[in-house]
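Each in structure tokens, the structures are laid out below.
Each of the next two complexes has subunit A plus one other chain: subunit B in the first, subunit C in the second.
Let's look at the complex of A and B:
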């Protein structure tokens, strides 16, 4: 009973929906505002992502019929629920309860929105959506190797797939290496420059989202915001020091996520968009370097132990 | 399996409506088809219904970026028909306006190119500098876009304080030398987007008959300012930058170097501005029957006007315009062939197309 209540509280309140949705809007705003300031623009007002969401939700869209129409409606909902679930799994609070293997579930849930985007682009039957989806697919097989390798090597070195145990372990070189590798993957995961290929507006409009409008687009925006919270939150929980007071832990989590958003915005505004082959080459080179370092480091730690 | 991707007539990568149909295989472009005419306004016909004062104001509206070049070319052609020669001060002011316009056009193009690489920070930086160039133009002419500077036999407004303008130009030059040019030549992501794409070989450039920076970036040293000097260009010292590579980087470099050359010309012209009248003071013009042509080097290449008149008439019987984009755009097909789809917006923009002028 107790476990059920904590799990529900985590999923629905903190760091789940009640926290995650405003946090998603907040991070979207921070990113837009930071990029705008760096570009010499004023940027949107604080409430803008919320207004955007409300405005999109209030719009009427033409009815889609048939199986592809139903699929097009379903993808954004699946993406939002998966992203919200991923945020709910983050071990932000001390002793918040977790289970063996929740890391694997988190990684799977983090991957669902990007799969939904790929599927959505193809079911929209727009040529721009299809190209965007193809790009997203290529991008995702490239960066995911580094991303998964980083997380799994951290987990393997500590002999655990429990997130909360992982988050409380002392910092080791391998852990910092893993965090660096995850940070390299985040721009691609969040479709930011220099890897903003699937939604390269000057080339393919908004890629898989081209055919979306109204409430469905609002759901995509929300899932994108939740992805921000989940992805930056994952890094924040890995970096955050061990804390016993729950509100200090929550504050540190928010502050760290905020700085990661700022860091990503700086990178995004200082770079041009790369081409797909340069991007793929970059990530596979990263994979190679990281694989060598991670295996060496894991072996070294085993030998020492 | 090949498929067709329509780029345009309305597309985030295009400044103006035109259409590029790309035949692609995967992400590679095999062939393309260019369609123009979405911006046709019938200006050449309208010109035949306007008198010699009105036609200058009308032709200024052919283009929103190089508005001064169009009136300059038209006025030079009409001066050929009336036998008037503008005074030396007017010729210098024409050079100053033309070079400021080149600066503003090249900086604007740099911004658009940056945007097409997805480099929006650079876009904002370029447009900030462009604002300052427009401030200089506004300080001279009182207008930001359609300057209304040229008239038959001279210019409409004088530069009363060349030193103040010189200071503004020097500040601009410093800013461009410190921001736009280094970022475009050293940013690794920017270079990786431009190098070896959209290559136009010298032979292809000759056979397509390209003009302006597109030709100079393909190794053809052609510049009307040097080959057939007009206004006061004979008295200016400047280099014509030529790059042999023919890719987008070469076009970028040619324009970056031209920005510096324009600043050099501006400094000379403002320092040597001769005293005297700024126009001949006539308001009635004795047109002779015949056709006169005039060529000038616009920011995008050679602009040619051919003006026909009948003696005693107040309106021209024909005004024909040939714009640089008309000469450059067939080359796009050869540039995008074999390119990646992601590069096509940048490649088509690298000729700095102006379909407002081309369609008129």
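Let's look at the complex of A and C:
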């Protein structure tokens, strides 16, 4: 009973929905503000993502009929719930068993929004949506290999697939290598600038989101924000030192996530978009070698131990 | 419910997303729209975002004197913007067809085809006039509330060319003479 209440509280309050939704808006604001400051502008006001969300919810809803219309309505909702679930799984506070901190489930849930984006672009039947989805699919095949190998190397070197156990163990040099590889993958996962191909505004309008409007678009914005929270939260959990006081642990988690968001936004505003073939080559040639080396050394360490 | 409506109006005023459409403009006004987003003017402080898709936009910004070819495109794009929506006519061309008045290639001015809420005259208008126009349009969106807006009762005219400037008309006369 007690476990049920604590896990519900984690899913709904911290680090679940009640924390995650404002954090998503906050990170979206930090991203826009950091880009604006890097360009010498002042940038949007603090509450801007909230205003955008409420405004989009109040706009007219597109009429959609038939199976593809129902699917188009379903994709953003699936993306939001998967991203919120991923945030809820992060073991920020000391874990209590169950699904909390299960790395494999977390990775699966983190992958769902990008699957939804691919499906949404194709079911919208817009030419820009289809190009955007094709790019997202190619991109996700490239970066996910590196991303998963990096996580496998961290997990294999420390003999566990539970994020809470990983967070408690002292960080080995190999883990820092894995974290660096994850950080290289995050811009592609979050559609940020050197790899912002699926939503390349000057080329294909809004990519898979081109046909979305009103409340559905609001859900996409929210799922993007939640992806920010989940992805930066994953790195923050791996970096964060083990602390006994729960509120200090929560504060450190938020501060670390904030700095990762800042880092990614600064990199995004300092770089230009790469072409799709350059991006794929970057992930397969440069980063894959690095990830394979990390996994090999992790397995070697494990065999020797 | 009343509180929700007030919150909605507040958010509409603070989050105008633009879609920019060229209906045969000379690119002068288009450059000024981009200038209003650059560091010197920074319209993003008002929550302005230039969107790639008309589906995402609240405010349609039209430049150019509306050529015959552009009429159907304008009507289509106006239909693709989901309500509540507003239209800004940027520059003297969509307002009066400017120096191209009486040209046989034109079907302007813009308000013959779609309802216009704010005119920002000028050839081209200054970026601050465009930002003022966007702010006016956002205020109109907020003031309409949840009522479906067919036509604005009285279109607003903003900017330094509004009312007291005759440069465009005299230009037109010169060209005709």
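To be clear about the criterion, the second predicted complex is superposed on the first by the 287 of 305 C-alpha atoms of A that agree within 3 Å, B and C clash if a C-alpha of one lies under 4 Å from a C-alpha of the other, contacts with A are read in each partner's own complex, and residues count from 1 in each chain.
Simple rule for what comes next: a contact is a pair of C-beta atoms (placed from the backbone, for glycine too) under 8 Å apart; a residue touches a chain by one contact, two chains touch by 3 or more.
Please read these numbers as outputs of a predicted model, since none were measured by experiment.
Look at A:131: by the touch rule set out above, it reaches subunit B but stays clear of subunit C.
When the two structures are aligned on the shared chain, A:193 is found in touch with subunit B, with no touch to subunit C.
In the superposition on chain A, A:285 makes contact with neither subunit B nor subunit C. In the superposed model, A:68 lies in contact with neither subunit B nor subunit C. Within the superposed three-chain model, A:274 lies in touch with subunit B and out of touch with subunit C [touch as defined at top]. In the overlay built on the shared chain, the residue A:201 is in contact with subunit B and with subunit C. Of the two partner chains placed around the shared chain by superposition, subunit B and subunit C are both touched by A:41. Looking at the shared chain after the overlay, A:51 reaches subunit C, while subunit B stays out of its contact range. Looking at the shared chain after the overlay, A:242 reaches neither subunit B nor subunit C. Common to the subunit B-facing and subunit C-facing surfaces of subunit A are residues 39-41, 128, 201-202, 204-205. The touching residues of subunit C, when paired with subunit A in their complex, are 7-8, 10-12, 14-15, 17, 38-39, 42, 44-45, 47, 49, 51-53, 55-56, 58, 82-84, 146. Subunit A makes touch with subunit B in their complex at residues 35, 38-41, 127-128, 131, 193-194, 196-197, 200-205, 269-278. Residues 3, 5, 11-13, 27, 114-125, 128, 187, 189-190, 192-193, 340-345 of subunit B touch subunit A in their complex. Across the complex, subunit C is touched by residues 32, 36, 39-45, 47-48, 50-52, 54-55, 58-62, 128, 201-202, 204-206, 209-214, 217 of subunit A.
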